[in-house]
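Structure provided below as structure tokens; questions to follow.
Order of writing sets the chain letters: A, B, C, D, E and F. Residues in each chain are counted from 1.
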Amino acid sequence: MPYIKVQITRENVTSEQKLQIIQGATDLMVNILNKDPEATFVVIEEVDTDNWGVAGEQVTTLRKRQAEAKKLAEANKPK
Amino acid sequence: MPYIKVQITRENVTSEQKLQIIQGATDLMVNILNKDPEATFVVIEEVDTDNWGVAGEQVTTLRKRQAEAKKLAEANKPK
Amino acid sequence: MPYIKVQITRENVTSEQKLQIIQGATDLMVNILNKDPEATFVVIEEVDTDNWGVAGEQVTTLRKRQAEAKKLAEANKPK
Amino acid sequence: MPYIKVQITRENVTSEQKLQIIQGATDLMVNILNKDPEATFVVIEEVDTDNWGVAGEQVTTLRKRQAEAKKLAEANKPK
Amino acid sequence: MPYIKVQITRENVTSEQKLQIIQGATDLMVNILNKDPEATFVVIEEVDTDNWGVAGEQVTTLRKRQAEAKKLAEANKPK
Amino acid sequence: MPYIKVQITRENVTSEQKLQIIQGATDLMVNILNKDPEATFVVIEEVDTDNWGVAGEQVTTLRKRQAEAKKLAEANKPK
């Protein structure tokens, strides 16, 4: 009777990816613990990047910095 | 000081039904455990059917299959 | 496919009380939302009173104060 | 490796307030438990006032009553 | 920055099985969502069978019935 | 009406540290969101290091490696 909660940031996760997570997590319970898949719930919770903090910073800010670093790296690439 | 979380699929649950869940769950705490209702929180979390999996399948898919089975059963009913 | 989590302080809750909570919460889902009881999970989480805070205070401390107040009230009762 | 979940009602919490919560909760883990901020997640979950119950009542109803009481108090203020 | 909570009944899950769950769940996040494994938390919560209800019944009771059914089936096997 | 869950590894957290977490988290809600402390719950959940995974590894293993690295560093210190 497992209940699995997958909490991730809301960043364009597709329905197909959600299905893969649900299938994969259910398989883990069946293969490792011999659980009944019918009695295995997987719940995916998507959280706005403003509402998720890491290292005392919103993920929104982290993503901006990562995007800027990437842009800079590309601008500085030797041609 | 109970905290009750009710996690369900987001399928047109009305505000009146939510109130009934809140009242019912609070009553359980008062009647069974003698808890103070003022210190009883009930939180209802609604989850998109794409984000809830059972038996390795999204509830969206399960609902479609159930709707089709129902339609088929009605079409085959003797007149 | 409801998942209900009941989080309470660990204060001598009996197995019979747990069963009543499980039955009551399941009945709410069946009666209010027409859910399938077979697909209704109820999970009771008991939390040490040292680990639960209300109003910035551990429940352990709150319980001590409540017990002392009760003792005092009884001592002061007219005979 | 702390994971902190802050569940509050969805009542116009600003991004700046969210950042303050994330910073404050992370600081608690660093200062009290000597945890690594890089490995500290803070997740803020906002819940509709219809979905949060206290004392067997929806917060939506509680807020209406509080607003009416406030209006009445102001109307009755001596000039 | 995924956070995955795996809630299961406390029924002799070994440390090796826990590691497999942790590895498997982390791999799902890396392979499906391209997440950083360093920022992927997996938390396994084991719940006493008395505290987990399905279909309005404690898992403790369900397990007893399953064990008796198995014993009966074996006793009735043709020799 | 905030509910705050602090999930950490079970590694000798003292009752005094728990109180500090409860006070600190409650203060955040009061100071940042103007919440009523009486209606603020803080729940600390301690998780065995075998049950917490980071980067696909149990924290138990991570702690052993950290302890060995520390011992090695001390052995190699110039006298």
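Keep in mind that, in the parts below, contacts are C-beta pairs under 8 Å (C-beta built on N, C-alpha and C of every residue); 3 or more make two chains touch, one makes a residue touch a chain.
A quick note: this is a predicted structure, and the numbers were derived from the prediction, not measured.
Using the contact definition stated above, find the chains touching both subunit B and subunit E.
In this structure, the chains that contact subunit E and also subunit B are A, C, D, F.
Which option, A-C, D-F or C-F, should count as the same interface as C-E once over half of the contact pairs match?
Most of the C-E contacts reappear at C-F.
With chain centres defined as mean CA positions, report which chain is farthest from subunit A.
C
Using only Cα atoms, superpose subunit C on subunit E and state the rotation angle in degrees, rounded to the nearest 5.
C-alpha superposition angle, subunit C on subunit E: 120 degrees.
Please identify the chain with the largest separation between its CA centroid and the CA centroid of subunit D.
That would be chain E.
Between subunit F and subunit C, is it the same set of residue numbers doing the touching on each side, over half shared, or a different set?
Looking at both copies, the contact residues mostly diverge.
Suppose each chain is reduced to the average of its Cα coordinates; what separation in Å results between subunit B and subunit D?
25
Any idea how many Å lie between the Cα centroids of subunit D and subunit E?
33
Enumerate the residues of subunit F that touch no fewer than two other chains.
Residue numbers touching two or more other chains: 1, 3, 7, 21, 25, 41, 43, 52, 54.
Connecting every touching chain pair, does the picture come out as line, ring, star, complete or other?
other
Give every touching pair of chains, nothing left out.
Listed in label order, the chain pairs in contact are A-B, A-C, A-D, A-E, B-C, B-D, B-F, C-E, C-F, D-E, D-F, E-F.
Tell me, which parts of subunit C touch subunit E in their complex?
By the definition above, subunit C touches subunit E via 15, 18-19, 21-23, 25-27, 37-38, 40-46.
In the complex formed with subunit C, which residues of subunit E make contact?
Listed in rising order, the residues are 7, 47, 50-58, 60.
Which positions of subunit F touch subunit B when the two form their complex?
Interface residues on the subunit F side: 1, 3, 41, 43.
Write out the stretch or stretches of subunit A touching subunit E in their complex.
1-9, 13, 17, 20-21, 24-25, 28-29, 32-33, 35, 39, 52, 54, 59
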